[in-house]
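Presented below is the structure to which this report refers.
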């Protein structure tokens, strides 16, 4: 009776210790990030495949967001701005050996257009394969940001054999790395694609692991268990930057934390009320104490967005006293408990946010306290992220705290159009209309001249800064922890690629 | 013995019915628009908007009358037809079985480790009640029961992975990844099982047949090996059945901390993302798994102690 | 040969372990409810300057990552945890014991029926139940504890039934019935004195596991919503700062340790 | 004959309080020594001291000489190697002393294999031979809870002797056994004596001492007050305590029966029958019980005596047959006295509380209780104690007082004195009968001791015959 359990125990211990203790130092780059691989469909996990260099899009984007050639070697636009013609790379091949020809690209784009994503919002009339290596896209109206939309991860080009109907059953891309192992939702492994049409990467093998807890990611970096850890929480960032076991890179990215305001609410309809809320926020203190980086937002767009950031726009200030004065002007008088009252109703709002990004509930807690200083009572409802668009549609939203990604498409104009269009947007303005802002925005999509574009952009940004349909709070810093043995690794501000193709092992 | 197994079968059917009803009723009352939640689960917070939600709503036939939907679901259940997950599009059975596989692997090693740590210490303490080992074990197990799993997990990572560099922190491709999460779970289980073993050993060593073993002329070790071990094994193994309940709580936390692709972690996401078929399928299978494991425990106990009349 | 004729004196008087447990619990309750009497810093008041400051003579407990007074938050969290732990134990104990006694007393179909339900509850993953309940009514600590007590009641039911069944068949109850005593006296004189010590033990272990379950649920962001101070949630918020401000993380852990230790010392059976 | 065991000045202390006076005795080879005394007289402590089995908290002094080797009783550890090899210690409760999860044969073979270091197969054969010798070979593959009381007794005996011990120590081997099982034990022990072994018996049962023969030593309050050949001591005892001990044996009681009492019947039952667990207990039983009449039922345990009593009380339903009780007499005037006194009182409250509840329930006068207590020679401060802190004899008298409070017309005494010492048994039965006669209360008395029933009851029902 006693013999069996002892043998079983020894066996269990043996197998669990047999594995190589640490996976470092075997030439494989271990990448860790918070994004789960939900499935094979580009709309659900397309960004992970693009980041790992398995798939490619027609057009790429450089650090400033300007389109550069990818699968399309060159492109041209007709005079009326409605017909785009693309020349495909001559010797590009899919991982299953099939050539990347116009028919395959058209097929992939047509399928992508049918699914939710920015492509479905572009005024495309038809996509046709003209020759073997030439593709045309006909628009119903001129649309300057088309190139940027084609660079979006959901518009990735997969081999015809990857699809059955519109469903994807295998990830067969054309990128520098081939998919060799796939274990959703947690991990996948890739290998260098020997016959890649572009520059061959130096890294041979890489693994991707999705880890949702920030502490675990930080510990994996510190213990050398992972070579490239994407996205660290504030506290780990301060800890790791002090340690010599790991290099920490940080760059501001086109994602802003902002407060979505329902201008339809009578309490918030007046511009002064929104300005008062903005003045009550100590952005400096928040950035230093909570987010731990110097990116207190002075306007909607961070400097990393280049052309959209207006250097000489007056920054948003922190003046609680002026905020109280403004609210007093609007007829609000402090009640017994310090909360402002006006004809019997308290100045009370619900702040909806979501815990998927760990810092949002933290910022909500700080805002709640700072708003209480000027007599505004906030109750926090941290729930599923879809509540914000849902409450936008049924008009029940008061305030929404969110982290809006302007880099879904290299040129933020795409996100601007969906968020601040005439009827507002799920993640943008709500019940707010500013005629000259709308005019400037729509004209921007049609003209190509840089100077005139810059003027229109300054006008649009000034309108938002003045009217405050959304109140910017902080600009995001993306941080990455890299193993010292890895060189050439960086951060793509547009979060499109981990930069696997540029990495190499230090000698 | 057959009576026991028959009892378990009835329990399994009851569980199936209850789990089915409960999850079905609950998913009907979950607040928040189902389509929006699923769109958020599927496309992530950057992309989810009313257009995506509308597309999802069209896909699902959400507004079936409750009773029809219940009937349909029960019918599917009988045929073990769990449908497909709304978020990942994979068949639920496939998703749950892979994730359940990971969780079972983790749970098995955790239980094995806990059996190696808890009961031996408990038995030693039980042989000398009130001794130094006994008193220190009480403090340590109380301490372990007071520490939440994620704090224990963090401590273990810092000790074994950071300072000693013995084991990798997370991931799941080779056995080395299994050790730290399993150890975290095992410590939680051992903190309780060593108390059970101690009390069992103490009461067995006071029984008449234990003393008779001594007066027969057997040495302390021979009495323990012949009579102590088997009689102590029964309460320990019966307690094992109860431990599965605590295991699930631990598994969810440990899977999240160690990024282990298990069922607990997936279940939390499914509930957040309102992935109804996934919730129902996972709950149903986990319920049956519990019953099967309890039946296994009963069989094991019967093997050791064939007396019929144990409650 | 073995039964000692000479009976060793029974351990009378108040066992030391239970006294120590009650002392610790008393201290915690005092720490939790004193600020209500004498007023203390507001647990929600933030001052970002003081973020993560260590304990000092001014404030023995220091500040958390948003500059809120740890002392105020700990006592507020303790009030919440103790109150709701008590709630979950009572909501689990009352039905559990009543059903247990009823099943033991009536026996037959009722016993098998309730027994069947308890078996099913036992097999149901408790966590799923709690997750579902908290999903239906989010941000409500009450729902958390209701969910947990739904899982705990089975334990009370099975223990009460196991204890009451042999007792009700014993000669002492038969004699009492013959002497004309009614069911109420039998309950008060025979069942309750046996059940009470067991309920104290299981109750205190139940409260401890309820508190731990809430902390675990908080870890998967299902628990109590910030900024309400709750021990589990505080630990999760302060976990990332374990190296920078260890005091902040250790305090809630110490409080939970003391609470669970106290409950277990109180619950410990007389025998050492 | 050479002495195999010589004990000189063995004494037992609890701390510095002496429980057993220094005593010396000898056990010769092939002979029996019986130590007789009441519960609490220290006879068991003496035997435990000699075997080195004293519970912790107690210490012993004195010297034991076994087959020439010298042992100091103050150091019990030195005696441990003797266990099983030279000293065969017979367990008291055979059912509890057998490992519930191990088959009977293995429990006996264990002694051969581990103590006498025989090979596994040889040990099993040896064990089979032992069981065959005791006539329980078919118990081989069974588990303890599948064995009857008698079979368990014999398996335990075989297991105790498997280690090859020649000196058997049996403490209260017949406690709680009925007559048939008692003779069974005696035969077992006598077989050991004939085989040349020697037996030390500790008991309060004189019948056992008489049948064992050999020598006897009588112990009172830790002191040996008389010693000698059993036959001689029992036929003309010198110490008066021994005399009272002998007189307490029911066989020597003076008959208290009264014939031909014709008062009105308080309970008439006809054609009662009951089967339990598939076994027919009795059928066609007609019974008429008159006021103040004492009726006895004797038979081996499990023969249905208690079922008959419970049926008459209405506690259990007969399979068929009708019972007519005295009209007008309240239900609670039909009471019952139990075999195990402590279990008939609520364990966790004091006896006084229980009696006060009863008085309050029926609105009785407290003074009746005080009178009853005095009548039953019970002191008032017993009422402050819990049942577990009161001796068996006192508890049984308290339960009689409790029953008498309700002026019962019928009392079912179910083996009331089988757990008590002989002298206490005699006192209790005398008091019970006197009170019943005074209050004209009928009694149904059951016991496995035929002599007790014959000497006490007006009429005897033999249940097995019907």
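Order as written gives the chain letters A, B, C and D; numbering starts at 1 within each chain.
Note that in this section contacts are C-beta pairs under 8 Å (C-beta built on N, C-alpha and C of every residue); 3 or more make two chains touch, one makes a residue touch a chain.
No experiment lies behind these values; they were computed from the predicted model shown.
A.B. asks: Return the chain label for which the distance between chain Cα mean and whole-protein Cα mean is smallest.
C.D. replies: It is chain B that sits nearest the middle.
A.B. asks: With chain centres set to the mean of the C-alpha atoms, which chain is at the far end from subunit A?
C.D. replies: D
A.B. asks: Taking contacts as defined above, which has more of them, A-C or B-C?
C.D. replies: B-C
A.B. asks: Can you compute the centre-to-centre distance for subunit A and subunit C, using the mean CA position of each chain? Integer Å is fine.
C.D. replies: 44
A.B. asks: So the centre of each chain is just the mean of its C-alpha atoms; given that, what is the distance between subunit B and subunit C in Å?
C.D. replies: Measuring from centre to centre gives 21 Å for this pair.
A.B. asks: List the centre-to-centre spacing of subunit A and subunit D in whole Å, with centres computed as mean CA coordinates.
C.D. replies: About 87 Å, centre to centre.
A.B. asks: For subunit A versus subunit B, what separation do you get between their C-alpha means, in angstrom?
C.D. replies: 37
A.B. asks: Where in subunit C do residues touch two or more other chains at once?
C.D. replies: In subunit C, the residues touching two or more other chains are 1-2, 138, 239.
A.B. asks: When you check subunit D against every other chain, which residues touch at least two of them?
C.D. replies: 51, 53, 89, 91-92
A.B. asks: Identify all positions of subunit A at which a residue touches two or more other chains, and write them in rising order.
C.D. replies: Residues 215, 383 of subunit A touch two or more partner chains.
A.B. asks: For this structure, enumerate the chain pairs that meet the touch criterion.
C.D. replies: Listed in label order, the chain pairs in contact are A-B, A-C, B-C, B-D, C-D.
A.B. asks: Quick check on the complex: what are the subunit D residues that touch subunit B?
C.D. replies: 51, 53, 80, 83-85, 89, 91-93, 96-102, 110-111, 114-115, 143, 145, 156, 159-160, 162-163, 165
A.B. asks: Within their complex, state which residues of subunit B touch subunit A.
C.D. replies: Per the stated touch rule, the residues are 32-33, 36-37, 39-53, 55, 87-90, 109, 112-113, 115-116, 154, 157-158, 161-162, 165-179, 182, 225, 229-230, 256-259, 261, 266, 272-273, 304.
A.B. asks: Within the complex, which stretch of subunit C touches subunit D?
C.D. replies: For this pair, the touching residues of subunit C are 1-6, 8, 170-172, 174-176, 178-181, 185, 189-190, 193-194.
A.B. asks: Report the residues of subunit A in contact with subunit B in the complex, numbered from low to high.
C.D. replies: Against subunit B, subunit A makes touches at 1-2, 5, 8-9, 12, 15-23, 30, 32, 35, 38-39, 41, 43-44, 115-117, 120, 167, 183-187, 207, 209-213, 215-216, 219-220, 222-225, 354, 356-357, 383-387, 389-390, 392-393, 402-403, 405, 408, 418, 425-427.
A.B. asks: Can you list the subunit B residues touching subunit C in their complex?
C.D. replies: Its residues touching subunit C are 10-12, 14-15, 17-19, 22-23, 26, 29-31, 129-130, 142-143, 145-151, 154, 208, 211-212, 215, 245-246, 248-250, 252-253, 256-257, 264-265, 267-268, 271-272, 279, 282-283, 286-287, 290-291, 294, 311.
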